[in-house]
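Which chain is which? They are A, B and C, in the order written, and residues in each are numbered from 1.
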Amino acid sequence: MDFLNAHLLSLILFFPTLAALVMLFLPSKRVGLLRWYAFLVSLVPLALSILLWFQFDPSREGFQFEERYIWYAALHSSLHLGVDGLSLTMVLLTTLLTPLAILASFSITDRVKAYMILFLLLETGMLGVFLALDLLIFFVFWEVGLVPMYFLINQWGSANRDYASLKFMIYTMGGSLGLLLSIQLLGVLFQTYDLPELYKAWNALTEGTLLGMSVSTVKTIAFWAFVIAFAIKVPVWPFHTWLPDAHTEAPTAGSMILAGVLLKLGAYGFLRLVLPLYPLEARMYAGALALLATAAIVFGAFGSYAQNDFKRLVAYSSVNHMGFVVLGIAAAALAAGTADARIALNGAILQMFNHGLSAAGMFFLVGVIYERTHTRNLNELGGLFPLVPVYGGILIFTSMASLGLPGLNGFVSEFLVVRGAYPVLTSYTAISMLGLLFTGAYILKAIRQVLHGPLNEHWAHGEHRLTEMTPREIVVMAPLMALILLIGVWPSWILKVINEAVMRLF
Amino acid sequence: MLLAILPELLLLVLALLLFIVEPFWKGERPRSGWVTFYGLLLIMIVSLIFGTPRASQEAFGGMIRFDWFAFLFKMLFLFGAALTALFFMDHPLLSKRGEAYLLLLAATLGMCLMASASDLVMLYLAIETTSIPLYVLAGFFLNEQDSTEAGFKYLFFGALTSAVMLYGLSLLFGLAGTTALAALGEKFASGQLSLQVAWGILALVTVGLAFKVSVAPFHFWAPDVYQGAPTAVTGFLSTASKAAGFAVLLRLFLMAFPSAQIPWPLLLAILAALTMTIGNLLALPQTNLKRLLAYSSIAHAGYILIGVVAATELGMTSVIFYLIVYLLTNLAAFGILMALGKVLGSDEVTAYNGLSRRSPWLALAMLVAFLSLAGMPPFGGFVAKVFVFAAGVEAGYIWLVFVGVLNSIVGLYYYLNVMKYVYLYRMPGEEEKKHPIQLSQATAWGLGVLILGVILLGTVFAPWFAFSSQAAQAMFLP
Amino acid sequence: MQFPFLSVIVFTPLVAALIILMLPARRKDLVRSVALAAATLDLILSAWVYLTYLLQGLDGYQFVEQYSWLPTLGISLHFGVDGMSTPLILLTGIVMFTGVLISWGEERNGVSAGIQDRPREFFAFLFILASGVFGVFASLDLFMLFFFYEIAVFPMYLLIVIWGWVVTREYAAMKLTLYLFVGSVISLVGALAMVWTAYQNTGVLSFDLLHLEQAGFSAEFQRLWFLPVFLGFAVLGGIWPFHNWSPDGHVAAPTAVSMFHAGVLMKLGAFAALRVGIMLMPQGAKEWSWLILGLATVNVVYGAFIAFVQTDFKYVIGFSSVSHMGLVMMGFATLSREGLLGAGLQMFSHGVMTALFFAVVGMVYDRAHTRHIPDLGGFAKVMPYPAIGFIIGGLVSMGMPGFSGFIAEFPIFMGVWKTQWLIAVIAAVSIVVTASYILIIVRRVFFGEASEVLLHHHVGDVTPLDKLAIVTLCAFMVGLGLFPGLMAPMVGRGVDYILHLLGGA
């Protein structure tokens, strides 16, 4: 047990990779074995992170379960892991969604082994970002996660996958370029990449000149380099154009993870790096960030409403929802230290978690219908509710969570964000509320087009007859729905952890 | 005292022996060749055992210097002549004619005297002793127009430049009143002779020597003579004869014209640059390998001159070392050309197409020889060039070294180009398998020894360098 | 007395070359087996040297052997490796081993992979080359360094001209050889000047590098001679604007030779430029570092863009090498701890990566008979190993964290930040460009529509030996990427020594 406690984080982090290595030696013909193996091993990190959740003491200061191993001594970078309430939530989300995504991928028949290996590697990549307390390690995992995702989209995606995957990769890599350069600058300045140390050192540096410019100019440039990298990932308008393509073309499970976890990486970057490292700059430019967030909310909603492609519609909804996260962050940056800021941050972090649940669910449901009909065109669907009542029910439930219906999780987090942001960023928040209106519009549009209206006879008879959700698919959705409801009615179990972290961090 | 001319005496004995017994063997297997070869080897061994100089000393009233410098060169000439004798045997015409070996021995005798001469009279006599047999050898094939032309050209220009040099030497004697080189040097050094006179004499003497070692602008005879003469003779001409020329050059310039008073190094530097450049540039467009090697040997004279220009001990050492390497490498190159020319019936480079498939070993030998000429390790050429350049840099002639360096790039181009024919191109009809190449035993042994030598010189160069260094020191000791 | 590891490593290929030449030409498999045995021996020995250096945490020059060669001129056969050269010894071992593996090839179904024409001569020349390369990395004597350097250059001509790509081989081989020779002889003049000046300064005539390091060359001397010496070697490192030979040479060369060439020989240039240029004339290096930095930046950015627009598979890789070697030069030019460390690592990383690239290109070309990217496609299905290998190489090449490329490039950029931040920003552009072209190639060649070639020829999978080669190369890239501690500390100590020569800068 001591060993487990001392190495819990590295176990969670590297177990998927080890499992993937073992998988290399499994026979690629035995598809069933491969699927179940992948699923079962992905449950291990989940179990470990639940253990972590209960072992975690929210009231303690600083990072917990810290581990530190020599990695790149020459650059003074070490594999430094640790969690606080913020990262703990994200770890839980990641380890939860991965088994579900793998379960959802049981319908994959082409090159199952490679697919599952990539998925497990992807999990390590994402977890690494959340667990890293070393800037260089953070960047390593930040980039590494791209690779499996790129290949998942590129190899198992739909028709336009080449374009979408390349765009995804180049956007993100291009976006990280500034981040990379800024990280190098920090490393050169302080000869360390350890985050807690950097927080202190970088903030202590306020005067003088660097590289022939004043410190504040350098800091501003570095700030924007960080912001752009994360804004692309979140994504914030106008850096979002990769997202609809990538989400739409990715295989179902890929979209689940992409929306559920990868987008959170960007938001996490804001919270873990931008706010602590650049409090002043963040406050100075919070307005601009809020403007972009509002634009994301409004345009995301509009964009979503305009889609006839079911998956694209859901994809744009992510832009819309993640806008609230950024809005909360902007508000917190502007009003740092006040109660409003904390409320907004609580909302933002919870929204990250919630969006992870609902977006993953929505993408899965789109996948379910697509696998049966081989179309995502809303105009070709319609009136399906009588054919597939269980599916219909689940779809409506999940959509409502996404819409922000009180009693479900989306409401709690969006309310908190708006509550926190309103006193600080009144006009932006007001406009965002209007955006929320359109959120309702596009979700209802989707439900109407899929479930209600005149039945498309094509799906009612013969070989195209639509079949109900299988038990496996219901199993995928069940935990998501349970959490959606749980957070909706009793959010305090998770908010407690988040709030403690927010109190200490900001 | 006779020890000083031990090799010369033995050569004479050998020549006489051959002269007597040769008529009895006419028309049979090339016994004269073997006799010459083994005889030369024996002379080398005997000289090495009994004839090594202990300290530099003068003999025969100052006519001859008996020192390491002379000794080393003599061994070199004997070695060159021995291998040339091997190559002679491969040629139907040369092998059956005992005169060829006699002439070879006579020329070698002359060269040995050239290396040890320390008096103007002796010097001139030695040069002529060497030249006359060579004129004959170059034109040895009377029925072949090329050969006859080569012989005549060589004779004509040789006689002309020799006369010019003789004029210079006689002026020197007339002004200085002595023919001993050492005495001449002292007179120049002490200012008894005016320097303007020295320049005039220097110019005349240089003409003669430049011709011997084919330095531009007195190089023009070389390509025609080299191409026309029998290949085995060309090999001897371009190596031993050139080495002998350099031996005289070194001895004369260092002993008789002190460079402190007479800045002849600058004159030679200009000649060196000119020679290298002309040789290499003219070699570029050649398609006849013998002609190509002729130009290349002009270029090599230029490289060697860099060492002479340095006029230091290292410079002399590097020159001697370079000459050893050059003698082995070029002999090998011409040996291969001769062996192949007999089979292929042509010296054109296109005739060499597909050679590596017809005879991998010969191709490899050719590769070694040509790369050594190009100055690539692990062959002697590389080390020799580095030493010469090092001497140049040491003496401060960096511009000259740069000229040399750039020239060696040009050289690399045409040497490698030849290898392309050997290794890449195919015979018409790709029928290499049906046309294997047979080598005579003598040639094979000769080439083997030379190639091995080239590699040895390029890898374990310390002992050879030590010999060269000892020889060079002899020049600087009183 | 210690077992003479280095001389055995250096001379094993040479001896093997001689043995191979003695074998009958018809017994092709025997020739190959001997070659493979020699290569394996060298790989094991170099790995041993590497591991010993690493695990014992050695510092400075180790495995030193010194045999007096020409005492009069102070030339000795002096071998020894430090933190900078040990990884390169290992690299050469790896490339030699894998190069032999992929040259083995096969001949069936109209596929003529590997070297089928005159393998005896091929391996002999290749091994002479390898000997030269090992020699340069191990030499602590300036004369011997040049000696081995030239040995590494001339077999290249023959290897390319005889076994190269029919269309351009004659042109490319000659161009390459002349470029490299020009560079090296110019450096040679500089080196001779150094030796004589050192003689004047210290009164000891010696070609020994350790002696020359302490020779105390005047600032003016260094200013004058640094550039010729450094650039002369850097020609082989592919520095702009003298990089022109390299893409042509890479493309024309047969696969194993391209691997050697881009993988090891370009490192030879960079390494010699470091050891003779920077380490012997630190003052001059400081004086001229701005110029080197500028040239290297052009290398990095321009190389990446040119690679991007190529349509010939092999040219893409050729230009990418130019771009990546620019990073090495850039690291040198920073003269900082991070930059030099990165450059040291990049030499190894790029060597392995580019060897892999060329191996894969060769495998595809041998079976598809074309390298025109639009004509290729769908190869991942028939040859999964090369596809995965290429992807991993691609990730290394775009500096993806978790792979050796990142480990190397990151410190280089840090070094550049220290000297001239603007350059870091400009050079960073190349990362995205590289990512683009690598991804595009992966997509077009290995995935995507099955090409005409695939449909009409019976394209088969690569041989098991090819697979072994790919796996070996990939293992090093991933291993170093995940555990930089396997190499960085060693290189770091090498760098410390260089910094000490630079006056603790």
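One rule holds in what follows: contacts are C-beta pairs under 8 Å (C-beta built on N, C-alpha and C of every residue); 3 or more make two chains touch, one makes a residue touch a chain.
All of these numbers come straight from a predicted model, not from anything done at the bench.
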| item | value |
| --- | --- |
| Most remote chain, CA-based centroid, reference being subunit A | B |
| Core chain by centroid distance, with centroids computed from Cα atoms only | C |
| Chain centre separation (subunit B, subunit C; CA means) in Å | 41 |
| Length of the line joining the C-alpha centres of subunit A and subunit B, rounded to whole Å | 83 |
| Touching residues (chain side subunit B, partner subunit C) in the complex | 314, 356-357, 360, 364, 367, 371, 374, 376-378, 382-383, 386-387, 389-390, 393-394, 398, 401-402, 405-406, 408-409, 412-413, 416-417, 419-420, 423-424, 461-462, 465-466, 469 |
| Residue numbers on subunit A that touch subunit C, as the complex places them | 70-75, 136, 139-144, 146-147, 150-151, 154-155, 162, 166, 169-170, 173-174, 177, 180-181, 184-185, 187-188, 211 |
| Of all residues in subunit C, those that touch subunit B in their complex | 21, 25, 68-73, 118, 120-121, 143, 146-148, 150-151, 153-154, 157-158, 161-162, 169-170, 174, 177-178, 181-182, 185-186, 188-189, 192-193, 195-196 |
| Subunit A contact footprint on subunit C (complex, rising order) | 338, 341, 391, 395, 398, 400-402, 406-407, 410-411, 413-414, 417-418, 421, 424-425, 428-429, 431-432, 435-436, 439-440, 443, 447-448, 483-485, 488-489, 491-492 |
